[in-house]
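Presented below are the structures under discussion, each in the form of structure tokens.
Next come two complexes built around chain A: one with chain B, the other with chain C.
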Partner chain A sequence: MTDTPILRVARATPPPLARRLRGLSDRAIAWLFVAPTIFLLLAINIFPLIWTVRLSFTNYAANRPGREVEWVGLRNYERILTSEAIWSNMQTTAHFLFWTITLQVILGFALAWLINRKFKGNDLLTTLIVLPMMLSPAVVGNFWTFLYQPQIGLFNYMVELLTGTPASSFSMLGPGGLAKWSIIIVDTWMWTPFVMLICLAGLRSIPDYIYEAAEVDRASKWRQFWTLTVPMVLPFLMLAVLFRGIENFKMFDMVVLLTGGGPGNETLLASIDLKREAFEKWRTGYSSAYAIILFVTVFGLASIYVKALNKVKER
Partner chain B sequence: MAEVVLRGVSKAFGATRAVQDVSLTIPDGAFVVLLGPTGAGKTTLLRLIAGLERPDAGDIAIGGASVRHDTPAQRDVAMVFQQYSLYPHLSVRDNLAFPLRSPVINLPEPQIAARVQAVAASLRIAHKLDNKATALSGGEMQRVSIGRALVRNPRIYLMDEPLSSLDAKLRADLRVELKRIHAELGATFLYVTHDQIEAMTMATHVGVLDRGRLVQFGTPRDIYEDPVSAYVASRLGQPRITLLPAASFGPGAPERAVQMGLRPEHIVQGEGQPATVRRVERLGDQTRLHLGFGPHEIVTLAEAHTTLAAGDSIAIRPQNPLWFDADGNRISGAGP
Partner chain C sequence: MKARLLTATAVGAVLSASVASSQSNELTLCWAAWDPANALVELSKDFEAQSGIKMNFEFVPWPNFADRMLNELNSGGQLCDLLIGDSQWIGSGAENGHYIKLNDFFAAESISMDDFAPATVYAYSTWPKGEPNYYALPAMGDANGWFYRKDWFERDDIKAAYKEATGADLREPQSQKELLQIAQFFQGREIDGQTVYGASIFTERGSEGITMGATGALYAWGFKYENTPGSYDMEGAVNSPAAVEALEFYKELYKTATPPGYDNAYMEQSLDAFKSGQVAMAMNWFAFFPGLAADPNVGGDKIDFFVNPGQNVAASTLGGQGISVVSYSDNVEGALSYIKWFAQPDVQAKWWSMGGYSCHRSVLEDPNFVTSAPFAGDFLEAMNGVQDFWQEPAYASLLLAMQDRLHNYVVADQGTAQEALDGLIADWTEVFEDEGKL
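Let's turn to the complex of A and B:
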């Protein structure tokens, strides 16, 4: 056999991967590529979940690793589900969820509806409206604390200006029942733009000619809105509600900075309470059960909701 | 049903003058077909009448009253859009019922159902009534779009190439169906098409548009036999009219004539000057001859079972051709 430079190079080149892996089926190779991801998922998602389930049946405390762990069966669940404090936290969470979502849907849709017209400065205005969403919740929590100051806060000042109620006569974050509304206001301020953006995408997806056909078909603006616009934006809107619902169910940072769950337990959302049980009181077994209950609640609600969403999309 | 009158209507989009000074009377009960190439302003004219565009100048009257400031709903017109414009989230049934559910019409639901059923049957989409509008083929969507206009009883039907995406058989059937509606209801139609058969068979009047201007308006026969320009002459006729330099067949052209137009019936075969057969197209009902005549090509008809083949020679002579001047305008009343 002749020995040309080209053949020498060819012999020195390692065989391609496919040939080295000869003997493996396509499926096996596919698994090979997916395996690292699956391993990571199992290690940092699935395993902790299963471990949490196990812990929820014990009285384990993470700050006392030497203590003997006792199997307590369903006692943790029993205590949680019969605890009045926890039911009250759940109600606080539900109140927060209901009002933030309702307000954000109404305001977000209205803003999208208004901004979905051709006018000068449209793009600039959209950017301005979207700004709050881009801020860190820590920043938002801190500066709203200032805005809510009864003496120097801009919020109280504005209320006085508009309604005549003296600014120092009420405290949004203090006692008096206003605190749970204060967190709703801040969350709505911050996240309405998000709902608006999604609604805007929905509105922009409706072609002009649909409205032209409706004009010719003698549908009033009102009827066009309810029979064309709303049904066609609804899947988008429902998606926004899903995102906001899941996000706000686990709301933590902003509310901790604003009220810390207070005054008393007035704004103690389930997620804040859970964090205290787990990492301040170190009742790991108990808080595992708490977490599982929250998880099942969110997962169940989200599943039902996604089913409804798909039904709307199919329509 | 009503008469529609346009007076000096103009409409520009930026620098594009889509419609220029169009005056046109669509008599009550007429079936007017608009012809013209893409961009001639046909669709804009329909949209102006529907009220989807406002004219820059001129006036539009429906039933004797100006509708300049009326909304599309107030004008009471039905329109079939070129891009179908169905309501994608509604079923075929709800799409068809949509115009009837307008509070202006205020029809009880059983009557709406009956109307929808009848129209769906005549358009052969009755079995698709419960389908979603987006789950249809192009032809079916087009029929739903036509149906949405036909369920109503408007003052005028505006149709923008309504049969363009249907197969030949369905198109022929629907042509008859539209013609029947026209005859039975005495409805007024303004109809845009590229299809010569549609124009010739359905129209009571034909309007030819050229770059936004209405260049001729008359009966289909007028437009075909007595076109005002070479442009109009080439809108109708299959095969298309052949345009040659006026002196192609020697002297005899009238003064100022620059072009002669030859339709198949203007060409006598078997006598005159020699031409070469370049191609024979057998279309079934007709056979087309592509003739090489000097540097020019002439397309004409032969009898269906002609034995002529490519390469053969044939003598031809013009007979009463149409003459056009340097601007393409017809020189009428002249001929060798």
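Let's turn to the complex of A and C:
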């Protein structure tokens, strides 16, 4: 055969992928495509998790590379689960979670209910309401520190204006029991719009004809709300609770900037305590056990919750 | 194709060689972001001119300084060639191999530690403490001191009111209890139509603030970490009756003589409170005193300084740092040449003149030193009685335990001083047990 330029080009062109893969089963090809993702998942998520579990049974300290690592069995877990301080931090976390989620769900739903009505300036109002959630938690933490300042803070000034209590007589971030409510106020201010948006999506997904049918059946507005609106928005609300729950369980930046976990340990959330153990005290083995306990807690609660959510959806 | 590949390789080799060369001609010095660091940038221009080595600086704000730098060291990072690290890091730096031991270098370059103030050599350079193993050159002497509104103290109406209220003359406090009395006198007083407060002190919880503040009282009452140095025998020392009294004193100072909302304050907040005219007195590190003396609003004739008042003994909390060569540096030679340059007496004299606190005896023992700045004499006095926190490799755990115990008692009103110090011994015992030292 004559060696023409066209033939040379044809020979130099690599065979198409399909031909090169010929002979491989569909399943093998599928694995080939999925393999890089699985490899990354194993390297970035699964391996560190397994390694953390291993470290949790040792006295390893990352800042002491020369020290001999000892196997301590369940000692780290025992110390954590019998530590009053850690149980106190867990209670603080639970208090923060419960109140932020409760307030955000109530206020978020109420705002969505109001915004869902058609009125002039609706779009502008929606934009203004969602502004806080667009801010960085670091910025929010910093400027709320100023708002809470007893002498020059706007918050204390407003309280004085409304109640007559002298502004400098109380400190929202200081001792006196107000600090744990201060962080709840800030988180609620920032994240209620998020819950509102999810609820709004739920409300707008309810077809008008359902309400029209209810009107025909002469159902009152109150009854429509409880038998139509709430059940149909419930899956959305539960999703919002799941998102906010997971987010707030690992809350760190905003609270660190506001109170640093203080005064005392009044706002010391589990995530802040964990960071201090791991990267300030460098008790790597101990903090690994701490992280595993938190992981199992969140994972367990989230699994139960997701099952409940699926049941609600199926109804 | 081959020719192109060869060309590309050659260009790459030339480029990487020039990058390596430029890297070896640069040094990065890491420190906290504060006034003396700016002075050091200016001072280092002389080194750049003499050596041809370009200086880069990595300055981290104090609240994040320890976190950032210790992470850097623990991960074997190459960011810093030179590190001006806190005195408490020396144990960890030495034992974990983060810092290069400088004995051979000092011997080869005839740099004598006898030329530096003994207290600073002990605190900033040696590990184990007091042993002639040097891991840093004393770079920045510092201690916790006080400053006050001299213009208020000199006003006749205020002096008369103080005399009437206390029966004593208003003056620089000579004891901790006199300091409290003066601070309480100013608390809530109207001066020039503005409500002012007694003193701004350290109450910060997150890093080291309240420990550095409260130890000013604890040391003055005679607080010791151990009954016998090196024994880790803390019972009866850490929680002695004098220590309990000192801690109760610090709480009273906080509760009765500080501005409202002053529950998480450290250096910056102390400076803000003083500069904004809120307080009559303030504690802070000597490092800030040159800036305060020159402040257009509260400096000059309006300000004066005093050393931390004694109570049972004269004592001040040690600050300050030594300069170390990071063992992970790829330019150790350049870093050592910087230290050699910095150790020279004329450079040290210039360092002091620019706002840095030299530890060199030629500077400190100069007859004109005491009059060279309004706080120079106080600085010398303070450095003669400084005491430092644990410098153990596990210092971070020890410090955080003390932060928690002190803050919980002083600010958050939890328990008693005795319980706080007993608890502190329990925490520290646990740390030393983990370390295998008990």
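Note that in this section the second predicted complex is superposed on the first by the 302 of 315 C-alpha atoms of A that agree within 3 Å, B and C clash if a C-alpha of one lies under 4 Å from a C-alpha of the other, contacts with A are read in each partner's own complex, and residues count from 1 in each chain.
In this section, a residue touches a chain if its C-beta (ideal position, glycine included) is under 8 Å from a C-beta of that chain, and two chains touch if they have at least 3 such contacts.
Quantities reported herein were computed from a predicted structural model and do not represent experimental measurements.
> State whether chain B and chain C clash or fit side by side on chain A once the two structures are superposed.
Chain B/chain C on chain A - fit side by side.
> Is A:Leu228 contacted by the first partner chain B, the second partner chain C, both or neither?
Touch partner of A:Leu228: chain B, not chain C.
> If we overlay the two complexes on their shared chain A, which of chain B and chain C does A:Trp282 touch? Say first, second, both or neither.
In the superposition, A:Trp282 contacts chain C only.
> After superposition on the shared chain, which partner residues are touched by A:Arg315: those of chain B (first), chain C (second), both, or neither?
In the superposition, A:Arg315 touches chain B alone.
> In degrees, to the nearest 10, note the angle that opens at the C-alpha centre of chain A toward the centres of chain B and chain C.
160
> Which holds for A:Asp217: it touches chain B only (first), chain C only (second), both, or neither?
Touch status of A:Asp217: first partner only.
> Once chain A of both complexes is superposed, is A:Gly264 in touch with chain B (first), chain C (second), both, or neither?
Only chain C is touched by A:Gly264; chain B is not.
> Return the chain, chain B or chain C, that is in touch with more residues of chain A.
C
> Report for A:Tyr209: first if it touches chain B alone, second if chain C alone, otherwise both or neither.
Once the two structures are laid over each other on A, A:Tyr209 reaches chain B alone.
> Now for A:Thr102: first (chain B), second (chain C), both, or neither, which partner does it touch?
neither
> Once you lay one complex on the other using chain A, what is the shortest C-alpha distance from chain B to chain C, in Å?
52
> If I apply the document's touch criterion, which positions on chain A are contacted by chain B in one structure and by chain C in the other?
No residue of chain A touches both chain B and chain C.
> For the complex, give me every residue of chain A touching chain B.
Residues of chain A touching chain B: 209-210, 212-220, 223, 227-228, 231-232, 315.
> Which residues of chain B touch chain A in their complex?
50-52, 71-73, 76-79, 81, 83, 85-89, 98-99, 102-105, 132, 148
> Give every residue of chain A touching chain C within the complex, in rising order.
59, 62-66, 148-151, 168-169, 171, 173-175, 256, 259-266, 276, 279-283
> What does chain C use to touch chain A in their complex?
Counting only chain C, the residues touching chain A are 67, 70-71, 73-74, 92, 95-97, 204-206, 259-261, 263-264, 278, 393, 396-397, 400, 404, 407-408, 411-414, 434.
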